[in-house]
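Some notes on the structure that comes next.
For clarity, chains are labelled A, B, C and D in written order, and residue numbers in each chain start from 1.
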Amino acid sequence: MSNVFTLLVAREARLLFRRPAELANPLVFFAIVIALFPLAVGPESQLLQTLSPGLIWVAALLAVLLSLDGMFRSDFEDGSLEQWVLSSHPLALLVLAKVLAHWLFSGLALVLLAPLLALMLGLPGHCIPVLLMTLLLGTPVLSLLGAVGAALTVGLKRGGLLLALLILPLYIPVLILGSGALQASLQGLPVVGYLLWMASLAALAVTLTPFATAAGLAISVGE
Amino acid sequence: MQGKNLPPRIFSPAPSPKVSLSLNSPLLEAVALACERDWRMLFERLELRLAAGEMLQISGPNGSGKTSLLRLLAGLMQPTAGDVLLNGQPLAKQRAELARNLLWIGHAAGIKGLLTAEENLIWLCALHQPASRDAIWQALEQVGLRGFEDVPCHTLSAGQQRRVALARLYLAAPPLWILDEPFTALDKAGVAQLERHLAQHCENGGMVVLTTHHTLANTPDGYRELDLGQQQP
Amino acid sequence: MNWTWFHKWGSPKWFYQISGRWLPWLSAAAVLLIATGVVWGLAFAPPDYQQGNSFRIIYIHVPAAMLAQSCYVLLAVAGLVGLVWKMKIADVALQSAAPIGAWMTAIALLTGAIWGKPTWGSWWVWDARLTSMLILLFLYFGVIALGNAISNRDSAAKACAVLALVGVVNIPIIKYSVEWWNTLHQGATFKITERPAMPAEMWLPLLLMVLGFYCFFGAVLLMRMRLEVLKREARASWVKEEVAKQIEQGGVR
Amino acid sequence: MSFASFSEFLAMGHHGLYVWTAYGISLAVLALNVALPLLSRRRYLQEEARRLRRESQK
């Protein structure tokens, strides 16, 4: 069983590396959105620093959302999902492997790119570890929750916008906790409470969402 | 008298001596099956039984519900009414049992264009029935893909890609095969070879349910045809 | 006896007959309770010593907000029943209840905003309760949009059920995180609902209104569900008879 | 009765506009919620009646 898990992660990795553009697109999107904000609100560094926690998190949220639309689409179109559903392995396990692979290669890149953009927005250096920690705990939740929406909309012609509608409200706790932690660290307040909450959200998402995603995939395949 | 009302059924099969066998212990059964798509009833009160050694060809015009019926039988879709039974038990309650018995190749066969033929098969085997690397190479050779094992599938022709999917039939395979249009894109030799292989699988006690538009030249004893076009209420 | 068959085809008819008997009583109770509550709340309840007469808006706001929240729970429960026991009537309930819940959320938001103008001095304040309500409205929109986007109605019902279940697990998390966010940012000090020790002549009309709104919800839900059952079971003979009878009685042409 | 006169009741102590719009909009929405299913039921029955007539003519 764990064999299938590792095989699937490896297979997804192979697929992503053979089409690297799909990996790069959300990252470029992330950078562009961050660059748009100073242009919109003005280059004043004090203002940007105050806004930066929120800006980074909103941009990260949108970038993850953008990468999610295609998560199951090619698997749906080429019939792979039918094979998953009919396999004797639990669908939730396959889903978890898929999301893990997706996060490892798109979410993690986002986490690594974020400090650079944060420094450009004027976030002081002592906040960078907190930024990394919150993104490390938060982006998996975004991927896992987004997978539920992606599974439910995979069979629809124009699922992308609908996916955003379904999933963005569910992202709100992560957004609040993530940017809240950053703001706290900006003001020199303790952040451990936030991080613990985010960790428990991540644990909850890892245990529950794969089942919802699996149910969603079975519904979309059975349509 | 009858000729006036009913069109003559040219391809209706002669009653086979093995019919009694199918009454004994059908592996797969459909009871009063109905399928509705987009407010249109495709078929209703459909009954069928499939036991060891039988091959069922489902025919009918486009949109008559051939693929839907296959998907119902494979448990991918839920029927509007009626039940699909596996060994006499409802399908929905025995996913693991179904996975052991069923090999499904849909219209889209689950082959990734970015992966090589070998990588594709290794994954599909890991997902369903484990197979060794040697066995996979042998199967690829049998479907005439020797030398194409490590070429990305999107560079192969449509017929060759279909052959990659069909190579699963040459590996240690479960008894029940459900194939949606397996002959699509195959050349003449490929069609003949696949027909022989399917017939042989049935002679060995396997079961095949398939849809295809062409008339099979090589059929096993337990061959039957189900015409969904004539099944309309 | 095959019980799946019983569930699939047996329940709708039973539901249709029973609900036909309940509907008049529920409607009458809703009209009576809401009318009494409105008159009592508007004319007889004493004004609030801090907010004056604008507090009378809570007689609409609070019942609508309560209903909006419990309606989402109902969606999730119906979804669970539909997914686990394959009860078709639960699918119908899920998809019929979602628009009503969205309307109730809209009422709660609107009345909250109108109440906010004289109390806070602006139409919209990012108060924890109102913000949660806004998010709840988005969640309702998601369920409705997903249900409309999927053409196969069985799949649509199942997909909505999964979404509602994910949503209902999320709602407490959203609620607490929004409350936390609100206390961190020192939002509005007035809360529309938190008030110490309301006298009986203030909360009795509120109780009537809450009950009235629930009856109203039940009646509208039954109306929607009965129509949906007629549409879905159009092939069944009892539905054909019922539709013919309704056409004759209503003089529909 | 917490108001001395009808005009005071309408004025709601300077908050009349807010109170009455809130109640007005809410009752309108409630009425809409009742009307929508009734209308769609009527439309459905009309469709069915037309279909039945079409079929009986055949």
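Assume contacts are C-beta pairs under 8 Å (C-beta built on N, C-alpha and C of every residue); 3 or more make two chains touch, one makes a residue touch a chain.
These numbers come from a predicted model, not from an experiment.
Engineer: If you tally C-beta pairs in contact for every chain pair, which pair wins? Let me know.
Structural biologist: Pair with the most C-beta pairs in contact: C-D.
Engineer: Any idea how many Å lie between the Cα centroids of chain B and chain C?
Structural biologist: 47
Engineer: So, what's the distance in Å between the C-alpha centres of chain D and chain C?
Structural biologist: 16
Engineer: Calculate how many whole Å lie between the centre of chain A and the centre of chain D, each centre taken as the average of the chain's C-alpha atoms.
Structural biologist: Once rounded, the distance between the two centres reads 44 Å.
Engineer: State, to the nearest whole Å, the distance from the C-alpha centre of chain A to the C-alpha centre of chain C.
Structural biologist: 32
Engineer: Could you tell me which residues belong to chain C and also touch two or more other chains?
Structural biologist: 152
Engineer: Listing for chain B: what residues touch at least two other chains?
Structural biologist: In chain B, residues 78 touch at least two other chains, as defined above.
Engineer: Which residues of chain D are in contact with two or more other chains?
Structural biologist: Chain D, residues with two or more chain partners: not present.
Engineer: With touch defined as at the top, which chains are paired up in contact here?
Structural biologist: Touch list across chains, by label: A-B, A-C, B-C, C-D.
Engineer: Over in the complex, which chain C residues touch chain D? Could you list them?
Structural biologist: 34, 38, 42-47, 52-54, 56-57, 60-61, 64, 100, 103, 106-107, 110-111, 114-115, 117-118, 216, 220, 223-224, 227, 230-231, 243-244, 246-247, 250, 252-253
Engineer: State the interface residues of chain B toward chain A in the complex, per the touch definition above.
Structural biologist: Against chain A, chain B makes touches at 71, 74-78, 95-96, 98-100, 102, 104, 106-115, 119, 122-124, 126-128, 152.
Engineer: Show which residues of chain D lie in contact with chain C when the two form their complex.
Structural biologist: 1-3, 9, 12-16, 18-19, 21-23, 25-26, 29-30, 32-34, 37-38, 40-42, 44-46, 48-49, 52
Engineer: Which residues of chain C touch chain B in the complex?
Structural biologist: Those residues of chain C that touch chain B are 4, 8-9, 151-152, 154, 235.
Engineer: Where on chain B does chain C make contact in their complex?
Structural biologist: Residue list for chain B touching chain C: 37-38, 41, 78, 80-81, 83, 90.
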